[in-house]
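Dropping the structures in below, format is structure tokens.
In what follows, chain A forms one complex with chain B and a second complex with chain C.
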Partner chain A sequence: MINIQNLNFHYKASQPVYLGLNMDLKPGNIYGLLGENGVGKTTLLKLISGLLFPTKGNVSTFRFEAKKRYPEMLEKIYFLPEVYTLPKVKMSEYVKLYASFYPKFDHQKLAEYVDVFGLSKAKKLSEFSHGQQKKWLLAFGLATNTELLLMDEPTNGLDIPSKGLFRQLLAEAADEQKTIIISTHQVRDLENLIDPIIILEHNQVLLNNSIEEISQKLKFVVRENQSEQALFAEQAIGGVLCVEPNTDNTESKVNIELLFNAAVNNKELFKKLFIL
Partner chain B sequence: MKNIFNIKRFGKFFAMELRQHRKNYLILLAIVSAIPTFMVAYRAYAGRPFTALDWESTRNIATFLIMVTPFIFYNFLYHPTKGFTYAMLPASITEKFASAWAHCVIVLPILLYATVFATTFLTSLLLGVEAFYQNPINRPFFVYFSAVTVQSLAFCGVFWFKRKKISKTILTMILFGLGIGLIGTIAVKAMGQEMTEEIGERIMAFFANREGSLRAFGRVLNTAFLITLWTLAFFKLRRTQI
Partner chain C sequence: MIYETDKPLYLQIVDYACEQILLGIWKPEERVPSVRELSVTLTVNLNTVARSFDFLQDKQVLFQKRGIGYFVEKEGLKRIRDMYKIEFFQKDLPNLFKKMQKLNVSIEEIVLEYKKCST
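After this line comes the complex of A and B, so read on.
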């Protein structure tokens, strides 16, 4: 579905964002795209959707060269940006303007999502709060029924009940044909939802693996004291949370936040474990 | 081919933009209706006819609005959020460009000129003011072509420049004018003459009163100029990154 080959990208030639990035993303997954600020998470989403062009290499989305932004590709993509400006129109007008461009748009689903999120149909979208605007874009995005959903920090600005609703709606919407890529810092909001996980580091990928593969290679345990083999440890109530190499096939639940910290603190080891 | 241009999708995109810009359309139409109405009413009050010069003034307002339309309609192209929505809408670059072109070059000029003419004609009829329209009736294509030629600079500027579109377009126009002036001066000097005001006037008169093959050459040059600027705008849109 998405194939990235030998991708180089930079905004300034002296500061490359990607150097020789390769990636293959398949349908039926909800990818979690993690990385520190400035590593290029949003940039990657924009490259996949054709909003940015590779300096070198190729990004292919639905077998189309993404930068061509062909309509056949665009009608299969919905991109929820982190920052947005909604027009001064009511939701019915917004639907009239844009919905017809998406062949699988589901008006009934949209009405359901609007009800679930408790959005007012009488108000103009520009009069909504930031969180309400995000809910509207989520509702519209899910109703487009596109095969590829790109979401940049989708839970930012959502209240606690809405985060739960978001997880529920996304889980319902996901199917074998859809690929969902969520770029986020709020990993706790999306735990139990994202799988596989991609961790980006400057210019490269540190990890692009399923939860199952991660738990086969790493274990997440609570110990009284930090173990010597711990790749990362964090003090918590009741002990020390440790990420360790899973040499004894222990079954454990992947803690994404710990995983991320372990990855950025052990880049070479992670590359050896997961990439090479 | 269906990813390059599809008439149905183009129609849908064009209609969407018409709906999106309808407030702008209405405001522009209100301006070009109000001004002639006011002028004819004033002539009625003063007991004077609505002269060809009056007509030219009202028509020039429409011309000015046509020239700046690209800045009104498409200023958002590189906006990180508004430009984002535009770029992600499922229509091809060709369809998006054709829609912008049709709005700026065809639909709006025709609507504005028709409104100016209809308003002037109807109000003068209603208020019993004698009106003269010799100029527009004799040279409608020339008026339209001139407006669209100047507009093509704005059209290209709005697609080409990311920020400060208006000032950069004006600066480009000035530089372009200076460049043409410089070429003219060099050409005159090459012919062993000094560039004086009189020679300048003769050159202007030569181009203004051109006839026959020279006139045709002028038209070809003008058309080539327009097509070049529209082509530049199209290729810039293809390369637009948000």
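After this line comes the complex of A and C, so read on.
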């Protein structure tokens, strides 16, 4: 589905974003794309969708070279940006303008989504609040029914009930043919939905593994005191939450926040554990 | 000492499914919700639910009819009871004993309470 080989990318030559990045993404998955601020999560989504061009190497999306921006590729991609400005039109006008780019657009679903999010058909989109605009883009994006769905911080700005709704709509939209990539800092919002997890770090991928693989190699336990073998530990009410190498085949629930903290604090070890 | 490990999500879904069978909501030899339906109801990843169903099939609690879906095994309920009984004696009961010792609760007190509860 998406294949990235030996990718180099920079905005400024002195500050490379990626050096020799490799990645292979497969349909039927909801990837959670994590990484510290400025590590290049949005950049990666833009490279995949052909909005940015590699400095070196190749990004192929649906077997097309992404930077060629073939219509056959673009009609299969919906990209929900983190920052957006909506035009001064009502939603009917917006649909007339943009829906025709997506051959599998589902108008009936769109009507359902607009309804559950409680969006007004009479108002202009530019008059919506920021959160309502986000809901509109989510509704529209899910209705495009594209095989590739790229979402940059989709839960930012959503109110509490809408986060639950979004989770439900996302679970409904996911299927074996679709590849969904969600860049997020709000891992708790999507904890049970994202799998595999991708962690980006300075110039590289630190981890790109399924929850199952992660739980085979690491365990997440609560102890009275921080253990010696802990890769990361955090004080909580019930004890100390520890991430440790899983040497005794313990089956535990992967806590994505702890995983992330353990990863960025033990970069070399994680590369050894997961990439090699 | 470890005193708590959250069960992996796929086993939590296994618990959910078994609970449905124990409560008689999912009945022997009847079709159960599809992997997709359950993924939406519980808002968890499709692949996670698929893994839970694989596990339940392995334990002969569910079986699959190709192209139709998953069904509860005739003996599914019994197998679940056996499965949880083992867990009860290996995990729940020792934990309870530890707590009783900590709080100085005698077995006689427990027997008394048990009799009250079951009459």
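In this text, the second predicted complex is superposed on the first by the 276 of 276 C-alpha atoms of A that agree within 3 Å, B and C clash if a C-alpha of one lies under 4 Å from a C-alpha of the other, contacts with A are read in each partner's own complex, and residues count from 1 in each chain.
Going forward, a residue touches a chain if its C-beta (ideal position, glycine included) is under 8 Å from a C-beta of that chain, and two chains touch if they have at least 3 such contacts.
All values reported here derive from a predicted model rather than from experimental measurement.
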item	value
Superposed partners chain B and chain C on chain A - clash or fit	fit
Where the C-alpha centre of chain A sits as vertex, the angle toward chain B and chain C in the overlay (nearest 10 degrees)	150
First, second, both or neither for A:201, with chain B first and chain C second	neither
Partner chain(s) touched by A:106 [first = chain B, second = chain C, both, neither]	neither
Touching partner for A:97 - first (chain B), second (chain C), both, neither	first
Touching partner for A:74 - first (chain B), second (chain C), both, neither	first
Which of chain B and chain C A:83 touches, first, second, both or neither	first
First, second, both or neither for A:234, with chain B first and chain C second	neither
Chain B versus chain C as contact partner of A:220, first or second or both or neither	second
Residue contacts with chain A in the superposition, chain B compared against chain C	C
Partner chain in contact with A:167 - chain B first, chain C second, else both or neither	second
Lowest inter-chain C-alpha distance for chain C and chain B in the superposed arrangement, angstrom	28
Chain B partner contacts - residues on chain A that touch it in the complex	46, 49-53, 64, 68-72, 74-75, 77, 79, 81, 83-85, 87, 96-98, 100-102
In the complex, chain B residues that touch chain A	2-3, 6, 9, 12, 16, 19-20, 79-82, 84-85, 87-93, 95, 239, 241-242
In the complex, chain C residues that touch chain A	1-12, 36, 39-40, 42-48, 51
Chain A - residues contacting chain C, complex	28-30, 164, 167-168, 170-172, 174-176, 192-195, 210-212, 215, 219-224, 238-239, 250-255
